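Labels run A, B and C following the written order; every chain starts at residue 1.
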């Protein structure tokens, strides 16, 4: 830190914390000097945290949803209550769900993850079951006619045919999670939501931080969407429009 | 702990019924204004594109892009551009409402049975007449389904505006220190209630539309 | 009927997704928990040092103070983790009570008037004493030495409005039929805030505008509120666009900062080291110093970590 200013005899040394650029002084929308200066300490860590939050939520959500969907698909009697439970979780606004979990799991990442997983459960459960159910009956009959067991039919026929719907659900769930995770900054300091909230709370709104961090969040969602869309296309070369 | 919050919520509701009603009104006002404006923008566009069987990429792209826009970012941009008030939140919600309405309207009209459209064209109806008398009525159920999805989404997202001084039930949810966890839960239940009521009303409209179509189709 | 590669691709895709989900789940369980910043540093003698969980309240100056005290301790070999932006004083006090944190910077007036709820002390020293009694008797904690600077709430408004209505002191507000005041949500329950305006200034028809993650200066600029709770160390207090009304009835109290430390941390040689370290930092926190650090945050857009590091390094407190 250059430039030292001693304030009064015996008082503390007040270092020069640097001068803002003209762009920052006028609160411009895209001050590149702030961007380059704070990529390492603010933006990149937030981005990595956000990706972690999303991967964990979607990973665990998919695992649970898949198991629940297997149950609901195999034994129809469970489908209504399981589906209803998932619907119920989705109906609670994220802001409320985060706060309701705090007495149980504290002001931690775990609380946020539990809430995010609940939201992915709703999307994924419905999509997996819908995908499995969409397999035409005549296809199933042909499979049985060929002598495949129940398990073989499931693994070799139903799952692959349901894959596009499941991937579509995964795509929606991932993008939704990235979006909802920004609200988590209301509770914890993790993820891209934190710089966004900070920017809005600054007097007269810190425009560069808002635009850059918001842009990063949107970019992340679009990239995830594109990647999963590509995965969807490779699995269903005959159905490129989905 | 969960049980006690539940009890607190139901004790909060009768004690603060006028507050809850007022806040619900604010949220409803914001959400319905955004949906109305979104309809005005997206409905004609979706109808026109779907009728012409053009702009599939736009319809799909809008849907992908819409999902990728976090509400927090849009509200923040709204404040930065329009300042604090009613319109910054409304514009943010309009941007979020347009994609589902556009996509579903497009597919509703585009997916109408081609034979019916050809028959109408053969009978000498103008393009506008085909749209209003054949495609729109036949596509109405799917269109209303899209509107239902948009409505639930916008109502839930309108609560986020409460974090940034936007009022409504989100305001209660953001101020646990004032209203307690019971109040937060109560407000959440009322949001869910508002969303379910709206979805139900639209589901009724959807069923009425389907029933009206049945004899003719 | 189905191309073999599709079946295999699907199987592979599912296997991979499951594997990834499992791995992520395991990784999350293994290394999960709240995001914490720990600083590693050289350890000194006098046995193992206690772990410090530093809490901070919900505004910038607290983040900076947390970093100042935390980094100084880390430099002396303590293991410091942070829980930032916990909330208002009422909330963070609960966190201290329940042991979720064991150190946090607090304002003496807030402890005395809003937590202990004693009758308004007449001096900064009396306020400190009242706050100290509360923490010692009710919280098993102790206040260390207070800072030279103070940061109290204010009644900030646009200078143009103050001129137009002829307002110089807060008592003058009785001239107005009604007005709005913007502050953090806990304000309408505090005697150092709206409750005090009602009970001590006998002001009526106050519309409370709770600050929802938006700066009070933004609301003032956009005429969304008449008055607001600017903090006296905010850099914008020096902007001629805004002015503050004199708190002639002293509802805002005396607000020097002192670290609240759980008594268990102050035992033994490590306790003395902790006490001396924090007192050394507090001694350097004068009003010009805090104003400069707030300015660095709001105007120069530096992070609290950087600001604290710069200040501590410049004053030899990181050795």
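General remarks:
What we mean here is this: a residue touches a chain if its C-beta (ideal position, glycine included) is under 8 Å from a C-beta of that chain, and two chains touch if they have at least 3 such contacts.
Quantities reported herein were computed from a predicted structural model and do not represent experimental measurements.
Listed by label, the chains that touch subunit B and also subunit C are A.
The highest number of C-beta contact pairs joins the chains A-C. Taking the CA centroid of subunit C as reference, the farthest chain centroid is that of B.
Ranked by how close its mean Cα position lies to the mean of all protein Cα atoms, the top chain is A. Centre-to-centre spacing of subunit B and subunit C amounts to 39 Å, using the average Cα coordinate of each chain.
Remark: subunit A and subunit C have CA centroids separated by 30 Å (rounded to whole angstrom). Separating the centre of subunit A from that of subunit B, both taken as means of CA atoms, is a distance of 21 Å.
For subunit A, the set of residues that touch two or more other chains comprises 186, 197, 200, 205.
The set of subunit C residues touching two or more other chains comprises 213-214, 218. Counting only residues that touch two or more partner chains, subunit B has 79, 162-164, 174.
Interface of subunit A with subunit B (complex): residues 29, 91-97, 99-100, 103-104, 172, 175-176, 178-180, 182-183, 185-186, 193, 196-197, 199-200, 205, 207, 210-211, 213-214, 217-218, 221-222, 225, 229, 241. For subunit C in complex with subunit B, the touching residues are 87-88, 90-91, 185-186, 188-189, 209-214, 218-219, 222, 224. Contact residues of subunit A toward subunit C in the complex are 1, 4, 7-8, 11-15, 17-20, 24-25, 34, 38, 41-42, 49, 55-56, 59-60, 62-63, 66, 106-110, 113, 139, 142, 155-157, 159-161, 163, 186, 188-190, 197, 200-206, 209, 231, 234-237. On the side of subunit B, the complex with subunit C involves touching residues 79, 83-85, 162-166, 171, 174-175, 177-178.
Subunit C contributes residues 1-2, 6-7, 9-11, 13-14, 17-18, 20-25, 27-28, 32-35, 83-86, 100, 213-218, 221, 236, 284-286, 288-289, 292-293, 295-296, 298-303, 305-307, 310-311, 313-315 to its touches with subunit A in the complex.
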